[in-house]
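In what follows, structures are represented as structure tokens.
Two complexes are shown next, each including chain A; its partner changes from chain B in the first to chain C in the second.
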Partner chain A sequence: MNEKKPTVVWFSAITCNGNTHSLLSSNSSKFELFLKNFDFIYHGSLTIDKSLEDIIKNQEQIDFLLVEGAISSNQKFFTTSNDSTKNILEKLVQKSKYLIAVGSCASFGGIHAKFTQNDDVCGLKDAIEEENKKKLKHPIINLSGCPVHPEWIFQTLFSLKNFKEISLDDEGRPKELYGTLAHHGCTRNEYFEWKIEGNFGQKEGCLFYNQGCRAPMTHSSCNKILWNDINSKTRAGMPCIGCTEVDFPRNNMLETKKNMGIPLEVPLGISKRAYLSISGVAKTFKIDRLHKKLME
Partner chain B sequence: MKTVDLVERIEGEAKLICSWKNNKVSDARIDFLNFRGFEYILEEKSPLDALIYTPRICGICGQAHLKATVEALENIYENINEKIEISNKAKLLRQIGLNIEIIDSHIKWFYLFIMPDIIKLNSSDLGIYAPLKGKRWLEACKTASETIKALAIIGGQWPHTSYMNVGGVMSDPTRMDLINMQNYLQIAIDFFEDSVSGVSLEDYLSFDSLNDLEKLDKDMKYFKDLCFKYHLNVYGKSHNRFISLAESNLFRSGKIKQKIVNKIDLSKIAESNEYTFSLNEKENISKKHTWSKLVTYNDNFFETGPLARAIISNRRFIKELHKSFDDSVFTRVMARVDEMAFLINDTKSLISQIDLLENSFIKPKISLNDIEKASGLSVVEACRGSLYHKIDIENGKIKAYDVITPTVWNLGPSNKKEKGIAQKAIIGSPNIEIAKIVLRSFDVCSVCTTH
Partner chain C sequence: MSNLKENKKNNIIENALKLFAQKGFYNTTIPDIAKAMKMSVGNMYNYFASKEELAKFAIKYSTNILADELREVNNMEISSKEKIYIFVRKYLENVQKSPEVIEYFLRVYLSNREVFKQGCEGFLCVGEFVTEVMILLDDGAQKKEFREQEFFPAFGMIMGSLGGFAFLSGENVLDKDLLSYSDAVADNIYRALKYDE
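Moving on to the complex of A and B:
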């Protein structure tokens, strides 16, 4: 291992630190593997060797700049290290090869962009000057999610380290992680197929019909790469709230908007008419097994 | 002389402004200069959406905010005389989730935020405690990530699940799930015994005198010895007044100002913006210097958090330490680590009390969206102390949302009458390293303070 390890810098902008705690809650073997393969030189909450000022003043390049949180030029509401998040970000970007947005706030502005009195809160893509974007070796990578799944960070970093590039979707997210829907791998899929509605607090039934579950419309691998190695929201009984998408957070997230008993939005890629036909047919099957409790 | 220091490696960042006289801090001010406006963001939202928003006030105590929101929303039903039923099972699953989050936070805080600074006082060689490299640092991280799995079983994930809902919880664990949760908590117990205290959990829980300090081994012993060497049992004293707003299996509510009073009247809590920046630029006169508000009970500042809980809930070992060392850095940190032991033990017992045949969720008869005008409030004991939420709804939408976090009690600015809790504690520090440790002993969360 004589080869110089690539450097990683984590900058926390306008955030709740949820992505940091997601990282710390990762699989510990993977976390240690990450620390062995990368030189994690700065994180405002974790490291003690250098300050953010040291990183900015240092001549050395940053290989991977990870940013948690939304960006704003407004110093009235948000000052960190005596500067605006936008100014610090611009300085860091000029030294970096790859720029990775960790979480939905850094990707798209997220919850913090809903604070309308601070009117320029946004994600990285909208915050950075075009000329600085050009200095990067790769388009900005958006690892959206509120928070980001720690495994998505590791897989992205290791991919870039080994292959230098990664294939992105229209929202700048890695296709391999966001190409499928949160619905993929949900243990309630059979209830979805046969249109059997679920309720809160039950193991049985699908949460799409009444509880606002966005899993059939949300690009993420939450049910393929499980959270904390063991679970997902929909498996546990909480509807997907679509936190990896540009429009998160939406209104009335815990209920399904309907018109005459039919969900207003249907699974991605299906016309509403086709969805209604197939639902009608599916409902005619009365599958006793699925109408019973899984265990008494 | 005046100095201004940025304090990193808290949750977020703070600016510490110290005045010095005779090589001691003669005055201190703490500025929080980052404001995200959650209370404003919540206006006009559907009441249930608050369950998604408020956990995102903070990445480390989101479950406390979730529980505060769900209980404030349920309090709205009580206030309009609409009966709402919450099963004991749901209540237990909420408390268990919150407890696990506090355990996770206490482990991380001691090893990631406290130990590196304490050890640096002695030598620059951090050894096993070195961030990202040291054996114990990595073990602590691993233990926290294993422990939090117990919460992911009922929440689906951590951080940022909203598995609690008005009427109960969304999940419905099986018996195997409960066994699994006990097993993950066992990992925390093993770590506590092998590395934190060096004694069995059972022995530790029986500690009740100053002499028991001598029985400590491992990291608590190392911490204790360094504290005595660098006088952290003397530095960091504040008003010696404590408050704890919420009750649980483990915690009593009450306040102490000379003697314990177990009756809390929430209407005596007052928030002030006098020194806090305003959204309206014209109001930002020179005395305003931070985004943190200040909060008092009956016109007095009170410290909240594990030390307050230990004393008010009558946990004897910490009470004995407090008798000798008051509200010093040493006592404050010990109270937090001590609480970890009690919480792990208590949470295992709560899990065993769950009756799986009960409902997890009982749907309220009317929707919050149909309520014309009502208010609700709640208090919860979070990692860092008492958390208060108050919601006003009008025409089925949130009209106003007020959050008072534990860190506002501890880290808010002074008022005309007296110094704020952390400010008073910092005064008297002999150098900036100690001053920062005193500040850190409150488990500073900048994101919660300003929210």
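Moving on to the complex of A and C:
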């Protein structure tokens, strides 16, 4: 393979580095495959001979610019390499072909955007000047998630490398990865169907009605592309907290907001009236098997 | 099903409702219903396989009348308080217009549970109506016009109040015209639900 490998730069803006941890926890053979196919020229947390300044000064093009974390122009609030994240980002974007927001903070501002002391914290889309956006080869890609699944990063990079473009939903997320709901593939679907509620951390029951599970309203493939290749939040008994959606993080994430015992939000695509009427019917069936412990 | 057959079925249900409400479930026979319909007994079975089946259709039919009315009220752009007032009035009008429907509910559905055990478990046959009550309560609580409470106590309070009143009317013990109590009954229900600061 003599072809020049595309370059990848990872810029950490205002972040807890959770997405970096996610990347470094990826399946090792996938990570190797990634390194074989891409030239990973910069990541602030890895031992690499270049500095961020070198990257910015260097004439070389960046093929894929991955950004982790939210962006702010306020230098009193946050600086890195003696500059605001917004300035650095603008400089990097000028040299890049593809811009990928890695994680929910880079995509939509995330938790940092909740700080009331500084109201200019935002995600990439809002941070970049329109004319600079136009210089990119492709609309900005949002890989939301807190953190994002490492496989989603690799899949996106490989798709772009091979096919040059990827189709996105209204929030700029790849449809391939965010087209279905996190509910899709949950091993508890049968409990959901018959409205049998479970408890945090247990193997049995659905976590929608009492535990705040957001999976029926959350676009992600957590239950299809499993974490560590084996598990997901809901499989382990932790409700989905909707971390791939624009409104993340919300308040009281482990609670289902209810009025008079009726959930405020119902699964996407169904009217509340229809949902209430089918749940009422489903509840009337008592399926013994589903009320028992899976293991005594 | 053709409209004609559907109409006929509803006709049978209406007649059966009256007889069930008057004579009770066990004392009413299919020949009685056939006689009221001026139909042959054999033909009756073309519409309903058994008296039990007819009883189950009847409960769906009668609560769906209420469900349709409440759905209409739910879709109005008015306050939850007004909705309660209109709904109570419509309910009492029903009691006056077709007392057999409510009588059937009270005297057959609630008293002959064994008939409805299979095929009408839980909310299966009255689901549409219960759903509308849920929508009414949920909407009111969301708009902070009703206070937050669990569903069943609120549901029981509304239905207990309305059912109880229908019973009083059926027993002919009310001293005034049924509809003249409408606002007072609605007021009681509203006060029990209303949001308190």
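Simple rule for what comes next: the second predicted complex is superposed on the first by the 294 of 296 C-alpha atoms of A that agree within 3 Å, B and C clash if a C-alpha of one lies under 4 Å from a C-alpha of the other, contacts with A are read in each partner's own complex, and residues count from 1 in each chain.
Here is the rule we use: contacts are C-beta pairs under 8 Å (C-beta built on N, C-alpha and C of every residue); 3 or more make two chains touch, one makes a residue touch a chain.
Just so it is clear, the structure is predicted and the values come from calculations on it, not from any experiment.
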Combined model on chain A: chain C and chain B, fit or clash
fit
Which holds for A:Ser51: it touches chain B only (first), chain C only (second), both, or neither?
first
Between chain B and chain C, more extensive residue contact with chain A
B
Figure out whether A:Arg273 sits in contact with chain B (first) or chain C (second), or with both, or with neither.
second
Does the superposition put A:Gly261 against chain B (first), chain C (second), both, or neither?
second
Could you tell me if A:Ser73 is touching chain B, chain C, both of them or neither one (first, second, both, neither)?
neither
Does the superposition put A:Asn87 against chain B (first), chain C (second), both, or neither?
neither
For chain A as apex, the angle formed with chain B and chain C - C-alpha centres, to the nearest 10 degrees:
120
Look at A:Phe285 in the shared chain and tell me whether it touches chain B only, chain C only, both, or neither; answer first, second, both or neither.
second
For A:Ser159, is the partner it touches chain B (first), chain C (second), both, or none of the two (neither)?
neither
After superposing the two complexes, find the smallest distance in angstrom between C-alpha atoms of chain B and C-alpha atoms of chain C.
15
Write out the stretch or stretches of chain A touching chain B in their complex.
12, 14-22, 24-28, 31-32, 35, 40, 44-48, 51-52, 76-82, 111-112, 114-118, 146-147, 199-203, 222, 227-238, 241, 243, 249, 251-255, 295
Help me check something: in the complex, which residues belonging to chain B touch chain A?
6, 8-13, 33-38, 40-41, 45-46, 48-49, 51-53, 56-60, 62, 90, 104, 108, 112-113, 116, 120, 126, 131-133, 138, 141-142, 144-146, 148-149, 152-163, 165, 167-172, 174, 277, 279, 281, 359-363, 447
Show which residues of chain A lie in contact with chain C when the two form their complex.
259-262, 264, 272-273, 276-277, 280-281, 283-285
What residues on chain C touch chain A, complex-wise?
121-124, 127-128, 130-132, 134-135, 137-138, 141-142, 146, 148-152, 154
